[in-house]
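Please go over the structures that come below.
Two complexes follow with chain A in common, the first pairing it with chain B and the second with chain C.
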Partner chain A sequence: MTTTAFLTDSTLCIGCKACEVACKEWNGVAADGFEWTGLSYDNSGALGHSTWRHVAFVENAPVEGFGGNAGEVLSWSFLSDVCKHCANAGCLEACPTGAIVRTEFGGVFIQPDVCNGCAYCVVTCPFGVVQRNPDQGKAFKCTFCYDRQKENLKPACATACPTESIKFGEIGELHEVANRRIEQLKSRGIDDAQIYDPQETSVGGTHAFFILRGDPKSYNLPPKPEIPTVHLRRGWTSAGIAAAALVTGTLLAFLGGNGDES
Partner chain B sequence: MNPDGHDAAGRPRASEARLAEIRREAEMRGAAQGSGVRPANAPFPKASPQTGYYGLPALKAPQWTWEIPAYFFAGGAAGAAAVIGAVGSLTGADRRLIRDARWLAAIGGAISPALLISDLGTPSRFLNMLRVFKIQSPMSVGSWTLVAFSNSAAMSAVADAIARKTGRRRLVRFVGNAAEVLAAFSGLALTTYTGVLIGATAIPVWAEHVGTLPIHFAASGTGAAVSILELRGHDSNRALNAMGIAAATAETIVGARIELDQKRVNKPLKQGATGALIRLGGLLSGPLPLALRLLSLGASRQKSRKLRRAAAASTIAGSMITRQAWIKVGKVSARDSKVVLDLPERIRPRIASQ
Partner chain C sequence: MAENHPVGFQWVMEARERGAKIIHVDPRFTRTSAMADVWAPLRAGSDVVMLGAIVNYVLQNELAFREYILHYTNAPVILRDDFKDTEDLEGLFSGWDDGKKEYKTATWAYKDAPASEPSDKGPSGGHGKDRGGESTDEAVHRTDPTLQDPRCVYQVLKRHFSRYTPEMVGRACGISRDVFQKVAETFCSASGPDKTAAICYAVGWTQHSNGVQIIRTAAILQLLLGNIGRPGGGILALRGHASIQGSTDIPTLYDILPGYLPMPVFNAEGNRFEDYIQKHKTKEGWWNNFDKYAVSLLKAYYGDAATKENSWGFDWLPRVTGDHSHLGYWLDMADGKMEGLFVMGQNPAVGAPNSRLERKALAKLKWLVVRDMVEIETASFWLDSPEVERGELVPSEVQTEVFLFPAASHAEKDGCFTNTQRLLQFHEKAVEPPGDARSETWFIYHLGRRLKEKARKDPRPRNVGLNALTWDYPTQGLTAEPSAEEILKEINGWTTADRKPVKGYRDLKADGSTTCGCWIYSGVFPAAGENKARKREPKGPYGHGWGYAWPNDRRILYNRASARPDGQPWSERKKLVWWDAESKKWTGLDTPDFTLDKPPDYQPPEGAEGDAAIAGDQPFIMHPDGVGWIWVASGLKDGPLPTHYEPLESPMKNLLYPKHATDPAAKRRERADNPYAESPDPRFPYVLTTYRLTEHHTAGGMSRTLSHLAELQPEFFCEISPELAEKAGITPGGWVTVSSPRGVIEARALVTSRMKPIHVEGQVVHQVGLPYHWGYKGIVKGDAANDLVAISQEPNVRIMETKALVCNVAPGRRPRGKENLAQAEERPADPLTGQASERR
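Showing the complex of A and B:
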């Protein structure tokens, strides 16, 4: 099976949220309420158990309007965020039931019929993607449209995207597409475009990478995401020291002063 | 209308021009002054490299409820109690103390799974924890540890009871002692692994302390086990007081190290409601019982028991509060995107030079 990937090119995104809607419709994801955040035109705020695609709205500095008949207009950056399907996935390593698996397409998939809702994946995702649904009692996130991929269909979001901002394909090809696009943007004078795909950290790259303008931090994308298993060695060493100290201490205490004070 | 968007009295008009003005001002200063829906000087939410995405959390907060820290307390105390029981048996301690330690381990080992199962989103699937064993998942390692502990601790306590009721039965005693050894080993893992469990996560304040948390939690569990046994009447046993002093000393050192660590990732440990809770838990399990226990050493028998009972009550409360506080600290840490996004702590309004 080929390893597939998403390339989400924010320079082509028009912020229509068709991906959010298509994802919800295809996957039957619950509504997340009619709450106005007041944060630009973004009312879902972040990825979560009921938001598997999330379009971020970044308002940049006002720029001169075109043609001299408009004053100042906002300049926008839109970015459709999604589960990164990490090469080394924190949620997958942490899952105690084996509910989270790597599919034959390289994606990270939570089997809803196995998950028991322990919520450990929630705290081991370095991107804040996975969340337990309090009503259904299981963890949810983007499935990479595993069901559609098995039928040789593109994921729902990529199919619905009207500007081909969301590209879906073989991961190696998409890396090339991304590199070519960056060169093209640079040749047009857009110097702040970059690829967000943390390959140099312990996450080891993602199967959903992005082309974005400006600083990834503006979109809440962490500069140095790490898979939490990197902390295991320190943690277990400390646990070993604590256990040894507990045994030795108890032994010394009982050898030193068995019985009652008198 | 005046072209600058102000009315005759100089107040800004509600108009597109006024909107542009607010946007310009917000862009330049990071705050919007004056009338409107936002109060003057309110921070203007921005998506920028300095503020992150409108200051929204970049991580998901832990969704665990009170059962998980309650389990940390029960499991921690039970695990340490199993160690006390086994070492007591080995060194020929008071039989009554060994029996109580075994029962404390057994009861803690029975409460713990109940707490964990009730926190699951789908409790009927608790057995799914035993579908696989994953060494790289502290949650998986912990589940198997708890299964081994609960069964062996219960078996050792029940075997002890049967042996006492029916007289000296060699087989029952052998089974009880074997179970006691298994309970002690799994108990060592049970009191310490919870520190690895929350330390090996993406939550910044937990991950920062991954090297301290297992020791911290082991000391907390040991203090609680010793204290419960003291309140059960073993308040003149010298070995228990020595262990209590050691645990309280360890807790004091952990607390002092947190206080002296100036890293901003530690903010939830020191500020706000969670900071107060951490300090209260630390005080009740560290310096306070340490002082009471040291005083008890030189006191008369009657007074010594009173001091040790006070220390025990303080330690138990401190251990409960400490566990709850660490989970709450994780929730605050997850909601603050500054550490994980490496953002400046404070944003100075950029006043345009005019």
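Showing the complex of A and C:
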């Protein structure tokens, strides 16, 4: 099977939210409240159990080459965030029931019928993507439209995107597309364009990478995401040292005993 | 465009990626501005200053496409000596009748051309416009090919716009000299033989008291730069609904019939068929075919009953007897002059200006029929409108009988959309409509059928026309749904004798031998089983084979202008259609918008009529003189050239014409329930502009009722700058009360630097933005922005001014109940101080 990926290009995103709606429509995810946030045009807030695509609206200080009259007025940029389908997925490693699996397309998929709702995956996701639905007691996130991919269809969000900001395809090809795009943007003087695909960290790269400008943090993306299992050795070492100390202490307590009255 | 036409905007993005520059002119920094190279934030309502200054920039720097304007426009035409410009008369053109508040247009005609007064200036809007040939004949003219004559259009235009300078743009629009320079340079440098630039606009231009003249300024600019009839050029009207183009082609407007034939007016020229034809059939140009299209339409209406002897049933057509535009009849309704109303696919209780007046007017009706997919505000005005809360309407006392019919959606019926690009696209029913929901076609067909049944038994003369009406559409299925394709066949037209489809409008005749429901669509169904609107096989760069673009599948209108006068393309890069000397035919990448075998050097013989009177190098075949009109000698009610006027409500004086602040021909319709602010007015110091968001559709009936859309923009909000928020004491995210002389509403405060205070003429103008999607029904509710807007009428097409009016803002929620009524109706108070001002 082909390993597939998303390339989401914020420099082409017009903030229409068609991806959010198409995702919910296709996957039968219900609306999750009618709360006005007052934060730009973003009323979805963040990814979660009922929001699998989320368009961030970032109103920023003036940036050169970024929106009309760049450099003089503010910039307003949009990015459609999604589950990263990490090469080393924290959620998958933490799942005790085997509900979270790696699909034949390389995506990370939660099988709702197996999930027991322990929420280990929630805390182990370095991007804060996975969330437990309090009503159903199970964890949910982007399925990478596994059902559509099985039928050779593009994921719903990529199909709906009018400006091809969301691209879907074979991962190697998309890496090339991303590299070419960065070259193109730089040749146009957009020097802060970058690919966001944490390869250097323990995440080991993703199946949903991004082209964005400036600091990833402004889009709520961690600059150096790590999966919790990298802390295992240190954790086990500390535990070992602690255990050894405890044993030693206990032994010392016995050895140092003075044969009491009883 | 990114906000309201995200799907169409993909092509703008693609052009940007290929190196095109995007300029966005808007009071607000929107999703479009975020994608643009240049954003020019202008004071709402100052568009003609901005565009006029670009026209001036072109003229002062001699950037016009000289060969194009010499041959393809009326720039060289000599005007009458007695014409006086607004520059001479301080804001008025010659011919103003201050008593009647309208222009006599004789002095606007070309020199030596006949000139009389159009007869239907009163009740008819601009849709059924004077096309020339009635009040004047543009084919009669003299020219100066050197463009030096001080009375030629080019020189008159130059003088007219000479005070529209970058400095004036700074003073009136608040756009800095640098930004203006960037806009003018970028736009003009993208025009020429091997380049073109396009202008896209939507109701941000239309919905002004001088909306038509704003668009006219753009037309002048595009003609000067040679950007009409050429690939990548043009002025693109972005229509606000899926088939709003279709609903003007086959109109829901009161003053035109299908194919832009004027509705007859109840007067001498409108009562006899011969007079009607004589009035509208031009001697020269394509409208010389007017009688063919009118007779074929009457044959479609009345079939065999339409004969030459009874003037094809012309007497059975209703007549325009007054201002039957939406705003006109709604004021009549408010005055108790109407009994009943059908509302289909519209939600005026939220979406129409001064919606408080509109809702109260509904209570004066005896009956109201609403067809929609949900119970919209218009259907429930009597129960849960703000007027009920305020005690203005009492449900048990409202006498209006409301009939709410469930409507089928586009996925639940067959039909045809005509999009922004004049492209007809047929769509098939995907699922059966639920329950009793039915299509509009079903409703109208069966209503008509029942009315005809009643009329058959009633011999009164008023029923003769109804009895004669052909109403024989075949129906199908359990619900007896009329066949949409059969209707499209009738629209395409056939030969009367054998019902064989006509190939196109060139086949239509004025002797009753052809039948055609809408001449411009003729050709969409040229043979049995060949519904071109259904085709999905695009070929070539212009997508021929996908749908059908009227007229005659032309993707770009007036495309003869894409070739030089000698018939060869202006450049290889911008070639579209050209003259093939070998085959002696026009050919190219698009269907030529020209008589195929008319050579470029064709000169009309003396006394030639119709298309034969149009020379081989005159692309604008609809006009009697065959050229594009920089100067409009007839057809407009407020001047042959655009002039800057302030909005009907403005915080500023008119810097260019202090004596005539507003468009003199615009109709204010001012009355107790439609009051105006002064200009300027200390009670309402801020500019208000209304608009739509990507996430919602118009008055919200199709989006506030859908959870997946409603959650994306769940609350009515008001966009203001941090500076205004601080000045008015408004907390970001808190409540804000917005008031105008018409009403008081509340919204959440979205404080953003995307709204910028505009610095003009030593004063700071704060602009307030309100999306108008909310109402009192649906999953998400909110006040209606249109409660604040006045009913006013642009002189030519009678549209209201929603894009620039005045308001005040104050922190906190609006008063409730009777208190709100007091504030809204009795004494428009200053919400900042809470003090009532004297009613003016």
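The definition used in the following text is that the second predicted complex is superposed on the first by the 226 of 262 C-alpha atoms of A that agree within 3 Å, B and C clash if a C-alpha of one lies under 4 Å from a C-alpha of the other, contacts with A are read in each partner's own complex, and residues count from 1 in each chain.
Criterion: a residue touches a chain if its C-beta (ideal position, glycine included) is under 8 Å from a C-beta of that chain, and two chains touch if they have at least 3 such contacts.
In this text the structure is predicted, and so the values were computed from the model without any measurement.
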Task: Kindly classify A:S75 by the partners it touches after superposition: chain B alone (first), chain C alone (second), both, or neither?
output: second
- request: Would you sort A:D192 into first (chain B), second (chain C), both or neither based on which partner it touches?
  value: neither
- request: For A:C16, decide between first (touching chain B), second (touching chain C), both and neither.
  value: second
Task: Please tell me which partner, chain B or chain C, touches more residues of chain A.
output: B
Query: Counting only touches as set out at the top, which of chain B and chain C does A:T97 meet: first, second, both, neither?
result: first
Message: Quick check for you: in the superposed arrangement, does A:L255 touch first (chain B), second (chain C), both or neither?
response: first
Field: Touched partner set for A:K224, first chain B, second chain C, both or neither
entry: first
Query: So, A:A30: does it touch chain B (first), chain C (second), both, or neither?
result: second
- request: Please work out whether A:E183 is in contact with chain B alone, chain C alone, both, or neither, and reply first, second, both or neither.
  value: neither
- prompt: For chain A, which residues lie in the overlap of the chain B contacts and the chain C contacts?
  reply: 38, 40, 59, 74
Task: Spell out the residues on chain A that touch chain B in their complex, using ranges where they run on.
output: 37-40, 42, 45-46, 48, 56-59, 61-62, 71-72, 74, 90, 93-99, 114-120, 122-134, 136-139, 214-215, 217-226, 228-229, 231-232, 234-243, 245-247, 249-262
Task: Provide the residue numbers of chain A that touch chain C in the complex, in ascending order.
output: 12, 14-18, 20-21, 24-25, 30-36, 38, 40-41, 43-44, 59, 67-70, 73-78, 162-164
- prompt: Across the complex, what residues on chain C touch chain A?
  reply: 2, 6-7, 9-10, 13, 17, 22-24, 29, 31, 33-41, 179, 693-695, 707-715, 717, 732-733, 748-750, 752-754, 756, 779-780
Message: Give the list of chain B residues in touch with chain A in this complex.
response: 16-17, 20, 23-24, 27, 45-49, 52-54, 56-60, 62-64, 80, 83-84, 87-88, 90-94, 119-123, 125-126, 128-129, 131-132, 134, 136-140, 142-143, 188-189, 191-193, 195-203, 206-207, 210-215, 217-219, 222, 236-240, 242-243, 246, 301, 304, 330, 334, 337, 340-343
